[in-house]
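The same chain A turns up in both complexes below, where it pairs with chain B and then with chain C.
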Partner chain A sequence: MSEKSRLRSVVNIFLKEVGIGVVLLVLVVAFSLGAPRFFSIINVANIFTQISINTVIAVGMTFVILLGGIDLSVGSVLALCSIIAGKILVNPELSFGMAIVLSVLVSVVSGMLIGLINGFISETWKIHSFIVTLGMLNIARGLALQISQSRTIFNFPKAFNDFGTTTYFGVLPAIFLIALILVILGSIILRNTVFGRMIFAIGNNEESVRLSGHNVKFYKILAYTICGGTVGIATIMYMLRMSIASPILGVGFELNAIAAVVIGGTSMSGGKGSLVGTFLGASIMGVLNNGLLLIGMGDFARQIVTGVIIILAVILDTYRTRFSAMLND
Partner chain B sequence: MAVDNIIELKNISLFFPGVKALDSVDLDVRKGEIHILLGENGAGKSSLVKTICGVYKQNNGAMILDGETYSPQNPLAAIQSGIRVVYQEFNLLSYLSIAENIFFEKLPRKNGLVDFKRLNADARKLMDKVGLNQVSPKAPVESLGVAQMQLVEIAKALSGDSRVLILDEPTATLMPDEIDTLFDLLKTLRDEGVSIIYISHRLNEIFRIGDRVSVLRNGKMVGTHPAEELDIKSIVKMMVGRSMENEYPFDETVTPGDPLLEVNNLIFKGSPHPKSFTLRKGEILGIAGLVGSGRTETMRALFGADPKDAGEVILHGNTLNIQSPRNAVQSGLCLLTEDRKQQGLILDMNCVENTTITDLGSVSSRGFLNKQAEREATEKQIREMNIKTPGIDQKTLYLSGGNQQKILIGKWLFRDSEVFIFDEPTRGIDVGAKYEIYLLLWKLAAMGRGIIMVSSDLPELMGVCHRIAVFSDGKITGELERKDFDAESILTLSYKEYLHA
Partner chain C sequence: MKKYLILLVCLLIMIPAFVTANGAQEEKEDGKPVVGLIMKSLANEFFMAMEEGAKAYAEEDGTFELMTMGMNSETDFDSQVNAVDSLITQGVDLIVLAPADSAGMVAPVKRAIDAGVTVINFDVTLDKEALKAAGLPEEFLFVGPDNTDGAEMVGNYLGETLGSGGKVFIIEGNPGADNAKQRKNGFMKAVENHNLELLASNTAHWETEEANTLMTNLLTKHPDVQGVMCANDSMALGVVRALEAAGRSDVQVVGFDNIPAVKDLIMNDKMLATVHMDGAEMAILAFNAGFEILDGKRENLGWVQSPLILADKDFFK
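Coming up: the complex of A and B.
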């Protein structure tokens, strides 16, 4: 490798992965200076907790967006899964351990099943996933309300609630560790497996992948199924944290997840992005929310700033892409 | 007598990187004549038309329009000078009305709003002129048939003060009686003083409406003659008459063996004529024919890329059930599409990812990729095929056309297919890379693979192939062994189905 091309690849990697990390770093430094409490152990642990659920949903969302699709149903599916899992968890006929294991399993499987349905419909009838999952958003919410009779479920087993508030070494909440593990696992799948390669390839040029002899439909449906599965996991994490299950949970979660993915540099048209980026994207959103609150900004203003940041991040990304193309010319 | 000519082209040359599209072309079109422009695929007809109507700027030469220097900076300037083109593909806005489409560039206005009364009245006049008298100008274009859309295009072209009307293959999609109507209209327009440049593959049409005929070959003007002095034979001769240079490798020692692939009575949507052919081991079978004669469509149907209605595909004596490209690939077939960028490469991915995509199973275990093996396989491929790239991590987007094509061939070599279908493998790549691709085809043949090569470059097919099958208007009109190769007979076969209107 020549000196120039080595420099080029270093710059490329920097732009690709670290670029968004710099934004996060700047925010952290700024808030640390502006609000003394921001960098305290308690607050850092707090931020970790706050970003966990969005991170997990965004992991699944990244798979779908990398394919050029979208999943708007995640928030409602979370509510539906919580109702199903919650009912199992408080079932007096089940033993303690059994109830916990079963509720986790059923939540994940339900999420995957809904994802599978989303993917199957979208692929079989060639309907854009935006429409299919918009429909599913309503279906899942309606089902959740119907099944629960719009009642909240609580009084979960104590061991369950306790795990939800466990924090290791004072800064690492249990649910954050789950999120971290999923980011790493997802990253390995995307980078090192045949399935991951297919996701990127299909997102870039579906027809070419089809003509290369691959079952594009299978891989696409699998990606939606994985997205549903992460929602199932996020559901349990949410119940761990809040100790309730309710049909009105998760409203707007799809937008937060999409925002995290997009801020993380994943292209909405598919084929380009990473889970590290998604994690950084979710972190930026969490840090912003928390930091702005600590420096005394009101709810309304925070929402405005968050919106501005989303747009700025994407504008920044177009410059990054152009700059990296320039380097390669 | 320069006044008699509406447009004169003097010494026009047009270059693209690596290609001379037009080479010192002279052409004059008289006022009120129908001038037929002929030439094989890639002879330069489209380039010439696009130069006249301001899409391309010639590198050399000058144009004179009605006695004045004419140098359009863009298509709009050409339109304003009274030069209109009706392209093969329609440029109509299907949800708008006929009237709106005809006058789209200059909708009549009143008080800042569109004056629909005048618009529809003006459109009515033009529509009557072109024979669209049974339709309302308010009807949306999408409600029309193909022939009527063609007439709307022509009406649109006449909406300004058109002095030169250029028609590119206007009859390709028309029925015989619709063609009659069109020809009557063209003759009327000619008698009113409009000059028409008419491009068509259907040689018989020349004698029905042509006043004079110009033939292009390899970007050069072969000559212009009055239509009545010509017959089909002399025209074909003019189109072919090039000297065959020995720029193609042919290895006498590689002789085709047993039948490898048999295709029997293949039928698919839009192509009702059953097509059959056989490919032998170690054979390079060329597929000749005009653009649009069904060559690409047949290969795609064979490969399962598009659905087929009927037909049997036999490989090694076993009947294959090919429903998708996946079936085809698993059976040992591969297709290199004519469109490298849209259907071949994944441009934003690198050489490794593009090479191994055909057989990820061989570089992975339990679903996990062995990236080292991938890199080694790609490096080997790049070395053996002499692909020029700064590194295997380079995105294929940044490679030259020839190297992109080699990556594509390489990806199917990586899979080690038995039947290679190449659709226009040398289109748009430079001479050196072309030669290397011919050598690769020969290497595959020597290995006992079967190769089908679709090409619009006739000398190339004649130079490289063992056998050539000729397509004409969705039929296979003939097959020639190498010893019988003859450009004239191949072209005659190519035009065969277009002769009876």
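Coming up: the complex of A and C.
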């Protein structure tokens, strides 16, 4: 390998994986200069906590968007899973350990089941997932309200609540560790397994994958099921963090998750993207929300600036893609 | 042949419409007035409790027929318009309405009044400008709480606890909502009454998680805070949880609404107080004001105040 091509591949990798990280770095430096308490251990830990739930939902969403699909039902499914898991958690007939194991299990399985239904309907009748999951958004919210009779569930076991506010070494919140593990696990699946490579292949050219004899339907339904499963995990994280379960929580979560995925450089038409990018995207949103408040910006201005930066980050990303394509020519 | 088939199907579809229209008519022939109660979102525990209370009252009272309608969300203003129109069509005597949109609901209210239905506005006031523009009196009867007073009451309680110079945050509701503005104004009065120092006032859009994030970030900015006034209890839940996570048991929190989840927090000293508002009682006041108007004993003008009670530890004992 010549000196030049080695340099080229280093630049390439840098652009591909860390491109959006530059935006994050700029924001962090700017806020550190502008707000004295921004770059403190406690604030960093707070930001970690605040991005955890969105990160986990966005991990599942990345799988679906990589296929060129979308899942709009995640926020409502979160509410539904929280009601089911919450009812189990406060059930006095179950022992503490049993209640926790069951509620986690049931939450994840319920999420996966709904994801499976989303994927199955979308694939069997060839209906775009936008419509199927929009329907599911209403079904899950309605079910959550029906089952709970629109009542908030509270009084979780103390040990459960305590774990929700645990922070290791002063800077690593327990729920952030869960998010981190899922990002790493998801990355390994996407990069190193047949299933993961299939996701990219289907996102790029579904027809050719089908013609080469692969079961496209199976892989696609599996992706939706994984997305539902991550929502089930995010549900438990929400309950840990807020110590309540409610049928009205999670409104608009789908938009935050989609924003994190897209800021992270995943293409809405599928086939291109990474979970590291998604994690950076979620981090940018969390840092913005935290930093803008700490420098003392008002509510309305904060909303405007957040919108502008989301668009700028994605514009920047198109240049990065073009530049990296130019290098490869 | 095909045409007749289509006609037959059309007729079959219309049968339920005839049946329901007749149903409403028959009820009227009983001599009992028919009341339509239109609420906001039944996803809100407050309206859920109101519906249950109102139904129980109607059954016990027995002098009127009650139909209740709730919306999908707080801002589902379209289906509220449809609900008013369908109640007019069914010929009810009285519509009791909690508007999802203060200005937007004036037009359907006007339609109902023109059709001879008495309308009682409760919970949230109709917009005065819009009432005037529609040719209705600005002082259109309103049955509901004085949100400003309630917020000032609980704010004063916090002020007395902290003493003069106490440092506080205000966590606001949705910036567009009238009751959010009124509650903020009430909190501001309490800030003035007790010479409190207002460190920050931001919105968390009535939501638990958003309030939790906001509170955590505000704590970083102003660690010296001593008290927090929340425009509703859902947000207070998020604030209390943020304080727990930060290990701060020295900060006093007050809320508004008295949802079931705050009782334990107040009893365990995690929250100082909230404002108790009885939805069913408010609806019943509105029914009775409506019957007085139907009997010609009252004009459809003015303000019937529904009570707000300070709910601290003593309230729950």
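Just so it is clear, the second predicted complex is superposed on the first by the 329 of 329 C-alpha atoms of A that agree within 3 Å, B and C clash if a C-alpha of one lies under 4 Å from a C-alpha of the other, contacts with A are read in each partner's own complex, and residues count from 1 in each chain.
Assume a contact is a pair of C-beta atoms (placed from the backbone, for glycine too) under 8 Å apart; a residue touches a chain by one contact, two chains touch by 3 or more.
Because the structure is a prediction, the values reported are computed rather than measured.
For the composite obtained by superposing both complexes on chain A, the positions of chain B and chain C are free of clash and fit together.
Set against each other, chain B and chain C touch different numbers of residues in chain A, with C touching more.
Once the two complexes are laid over each other on the shared chain, residue contacts for A:Lys272 go to chain B alone; chain C is not touched.
Within the superposed three-chain model, A:Thr306 lies out of touch with both chain B and chain C [touch as defined at top]. In the superposed pair of complexes, A:Ser212 makes contact with chain B only, with no contact to chain C. In the overlay built on the shared chain, the residue A:Ala201 is in contact with chain B alone; chain C does not reach it.
Judged by the touch definition given at the top, the superposed model places A:Tyr238 against chain C, while chain B stays out of reach. By the touch criterion stated above, A:Ser32 is placed in contact with neither chain B nor chain C. By the document's definition of touching, of the two partners only chain C reaches A:Thr49; chain B does not.
Across the overlaid pair of complexes, the angle with its corner at the CA centre of chain A and arms to chain B and chain C is 120°, in steps of 10. The superposed three-chain arrangement places the nearest Cα atoms of chain B and chain C 22 Å from each other. Taken together, the chain B residues at the contact with chain A in this complex read 303, 305, 324-326, 328-330, 334-335, 337, 342-349, 353, 357-358, 360-361, 364, 367-369, 371, 390-391, 393-395, 398, 411, 415.
For chain A in complex with chain B, the residues that touch the partner chain are 1, 5, 9, 192-195, 197, 200-201, 204-205, 207-215, 271-272, 328-329. Those residues of chain C that touch chain A in the shared complex are 42-45, 48, 175, 202-203, 207-209, 212-214, 216-218, 220-221, 234, 237-238, 241, 244-245, 259-261, 264.
Those residues of chain A lying in contact with chain C across their complex are 35, 37-38, 40, 42-43, 46, 49-50, 53, 145, 149-152, 154-155, 161, 164-165, 238, 241-244, 246-249, 251, 289-290, 293-294, 296, 299-300.
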